[in-house]
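First, the structure itself, so that you have it in front of you.
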Amino acid sequence: MEFIYRGKKVYYEVHGKGDPLMMLNGIMMSTASWTPFLKDLTKSNQVILIDFLDQGQSDPYLENYNHQLHVDMLDAFINHLGLENISLFGISYGGEIAIQYALQHQEKVEKLLLFNTTASTSYWLEEVGNGWNHVSSDPLAYYYLTIPYIYSPMFYTEKREWIEERKKVLVEEIFANKEFIQRMKRLTNSSAHYNVEKDISKIKIPTLIVGCQYDFITPYKEQEKLHQELENSELIYIPNCGHASMYEKPELFLSLLLGYTNTNHTLTIKA
Amino acid sequence: MEFIYRGKKVYYEVHGKGDPLMMLNGIMMSTASWTPFLKDLTKSNQVILIDFLDQGQSDPYLENYNHQLHVDMLDAFINHLGLENISLFGISYGGEIAIQYALQHQEKVEKLLLFNTTASTSYWLEEVGNGWNHVSSDPLAYYYLTIPYIYSPMFYTEKREWIEERKKVLVEEIFANKEFIQRMKRLTNSSAHYNVEKDISKIKIPTLIVGCQYDFITPYKEQEKLHQELENSELIYIPNCGHASMYEKPELFLSLLLGYTNTNHTLTIKA
Amino acid sequence: MEFIYRGKKVYYEVHGKGDPLMMLNGIMMSTASWTPFLKDLTKSNQVILIDFLDQGQSDPYLENYNHQLHVDMLDAFINHLGLENISLFGISYGGEIAIQYALQHQEKVEKLLLFNTTASTSYWLEEVGNGWNHVSSDPLAYYYLTIPYIYSPMFYTEKREWIEERKKVLVEEIFANKEFIQRMKRLTNSSAHYNVEKDISKIKIPTLIVGCQYDFITPYKEQEKLHQELENSELIYIPNCGHASMYEKPELFLSLLLGYTNTNHTLTIKA
Amino acid sequence: MEFIYRGKKVYYEVHGKGDPLMMLNGIMMSTASWTPFLKDLTKSNQVILIDFLDQGQSDPYLENYNHQLHVDMLDAFINHLGLENISLFGISYGGEIAIQYALQHQEKVEKLLLFNTTASTSYWLEEVGNGWNHVSSDPLAYYYLTIPYIYSPMFYTEKREWIEERKKVLVEEIFANKEFIQRMKRLTNSSAHYNVEKDISKIKIPTLIVGCQYDFITPYKEQEKLHQELENSELIYIPNCGHASMYEKPELFLSLLLGYTNTNHTLTIKA
């Protein structure tokens, strides 16, 4: 379905019924990435998928922008659908948007679920992005700079066949698509000055923070920092898992996502 | 409710509707321990609570026994209720019984959820039990040998008020109750020769294994071992949490338990 | 050798030549505990061993006291020997004294080496000590309350023969010795109100902080805290090791101790 | 100094006196990399630095080769100098050569010190190397593919000034030097089929294995594997440190290296 924001088409999908769970994509993902998970996700929840501008089936956004573009678009979209008491999930780039949305519109978010997320783009992470942009005209170089560090070394090695298929598609089609790469560059640049470290403790919403042992893009240190600042947060750690936790550990991913979304958070244990 | 096994009363409760989730208690727990969790647990599942013989409202079992007593009782009970496709949860002592039940009756178990569980009673763990038994006639000594190592140091310190109340109840009532202590000794002794390390890889059921950073009774090493042997298992790690994970991190506990129980495990991610 | 402090005999030993390395014992240890390490330790350093009052061959100290007694005694002793530029090592109780000595006499300490140490006696740790004191008249109970948590479960199990021999000596001789137990109680009580969390960042001395995965007395969290506060500190982590790191991992223990003591800390790496 | 092997010049340096410590470089390093460490290293040991063929001041080796070239060269070199009872240190690529040397010439090695090392080039690690080679004609792309993953994100960010200087030198001089890049490609290719997983348990030499929390090239999993196979090994873990442990944590690096090299490994702790 479509929603128009500042004259641009924003693609979204709504699946199932129940308490709303909105899923915000990682930078290279799109609504289509969630297809294998939909059957489970819709068993208990209304699931809202959305492509940010410059992602998937949404329009390109040709000017420079930062995360605030997505935060404002999301708010217009949420008002448009009349959503309330949202469980807001984000992974990586999507987690960063989710944090900022929660900071600015805390009253609309009932739970926040942050997988593989950071509170700021460090100099190091900016340089990772600079590297991506620098090689963006060479699909194979783009592959080598992104994919091997998005998965854990163990997953990449054990799932070699799957990775090789994916490599073929990515190098020959996706990263060879100039529009896709232009979109990726703008999305990458939009994160350059991201930093909510000083504000983040204002978030009081129940928040699940998921870190992974072999996350080489947003290392566990970052989730420890988030947990330290968010007083109503829970921190959990997935051993032997890389940055793309939904692909590496789909059962744990779904268990944490659905379990936390649908659990009461006023639990009091008595003596 | 009651079920009679070998002439003894076994106390159990059935709550809610849906796919059956059977909860096996840790050694010092009982069906009553799950009261604060029932509201959440029954939102999606039929929950079966049960006190092992020598636990809670079940009869004492005056002879010596080992875990097999509980495994056989459970099977009779499950047949009695006609349960199928069970999600079988156990924590600590209950996890050990759950493993053995799954090994012997794999066809009745759809999912296995093992929190703070070990595949064997090591010499060290046997000595921990010997210590408990040695001081069992002194309620305060029994407290000091058990409780400070069942919680993480951080939880014990941060929840000081709750702990102090609990200490009073435990020392003045529960550990001062000679029948309770006799039951505890028999339960403790029943674990002395527990060791399924050689067989455990026969379990092919989807299994969730939860380990905790500051679990001083069944340390994380033990869950790593379980994960290595169980080919269809998922391993997750709760930082800053002790052995009694359900009390220290109730939201994560519930999220993992319900999320894993109600998630499809045939998920395939495609390129 | 002997040094007299407030009319009490303080036992000490000086071995070897070189830069001075002073070793402060854990609570249940004594100068004799270091015998197996002396050959290595003296290859490069002058090693000063000392029994605190109430430890080993030093006199008992019959009044109540806190850590300051040891800190003041140490300073008198260090002045007596005319020691300067000391590498000050402490493990557990000894580490706590070392921190306080360094805080009060920073100019005399060149390096600080803290193994299995905490910056405060938390409510939990106080309760651990209360437990020890409560069972102090029963040698076997005293054993069960102390030893199984001082070693890691893996070490205790793998070194079963060594542990059983040690258990015999501890239960039949050492913990059955009323004077030893009275000394232990006073030492234990001396830690009850220990807390230098607010001051510790004043220490600017190069400091090595060693934490162990299965340290159940001063868990890794405590060493992380120390590291966070001490700006010139280095933090290292020994996997699969308990609280008594010198016995569980003697090679790593010696490597870290000697390596850090004898390494220059003004190293600058240039581009 | 020079040693001739198969008609090629091998550059080496010998510093200091004492028990011999041979240092094997990581792939992008050279004898010059150790200059800041020499003062400390030579306090107790004779230090032998060497550039592999295709490294530093050694000759290029224009044909294809694998690690065995270096292993054989090293053995000729060690015989040439008449070295015995060597402490053999290697980091990363150098660690891989050290393992193979130890496997083939165990009698000449007294201790093995493996920092940030793996027992095999996994498919993932091969792909990392493929990426390096693919962008080798573009110095800035080469920088982005190597350096941000060789350091930990925290170090890269905290040492921004140092990193920026280094980036300038690397991009403008070193990676722009075609001969350097040709050498790097041959060295990278020489690791493609490296795999000693099946043999490694034959090493009985006392071995120190050092792993780092944020090592994104040879992740901690690899050092855990090494430790599991090498029965006389010790495993230690440096928190908050990346692959280039000698630059990120120079004091810990030196402490571990010198401490382990100069410590007796026949220590027996008695009850």
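A, B, C and D are the chain letters, set down in written order, and residue numbers restart from 1 in every chain.
Note that a contact is a pair of C-beta atoms (placed from the backbone, for glycine too) under 8 Å apart; a residue touches a chain by one contact, two chains touch by 3 or more.
Small disclaimer: the values here were computed from a predicted structure and weren't measured.
Participant: So which chains are sitting against chain A and chain D at once?
Facilitator: Common contact partners of chain A and chain D, which must touch each of the two, are absent.
Participant: Would you mind naming the chains that touch chain A and likewise touch chain B?
Facilitator: Joint contacts: the list comes back empty.
Participant: Tell me whether chain B and chain C, two copies of the same sequence, contact each other through the same residue numbers or different ones, using over half shared as the line for same.
Facilitator: Same: most residue numbers at the chain B-chain C interface appear in both copies.
Participant: Where the CA atoms of chain B average out and where those of chain C average out, how many Å apart are those spots?
Facilitator: 37
Participant: On a C-alpha centroid basis, what's the spacing between chain B and chain D, in Å?
Facilitator: Result: the chain centres lie 47 Å from each other.
Participant: Give me the residues of chain B that touch two or more other chains.
Facilitator: Each of 240 in chain B touches at least two other chains.
Participant: Should the pattern of chain-chain touching be classed as line, ring, star, complete or other?
Facilitator: Chain contacts: single closed ring, each chain with exactly two partners.
Participant: Which of the chains are touching one another, listed as pairs?
Facilitator: A-B, A-D, B-C, C-D
Participant: Show which residues of chain A lie in contact with chain D when the two form their complex.
Facilitator: Residue positions touching the partner: 122-125, 127-128, 130-131, 134-135, 138, 140-141, 143-145, 148-149, 151-154, 156-157, 160, 163, 214, 216, 219, 221, 240.
Participant: Which bits of chain A are touching chain B when the two form their complex?
Facilitator: Touching chain B: residues 36-37, 39-40, 43-44, 162, 165-166, 169, 206, 208, 234-240, 247, 249-252, 254-260, 262-265, 267-271 of chain A.
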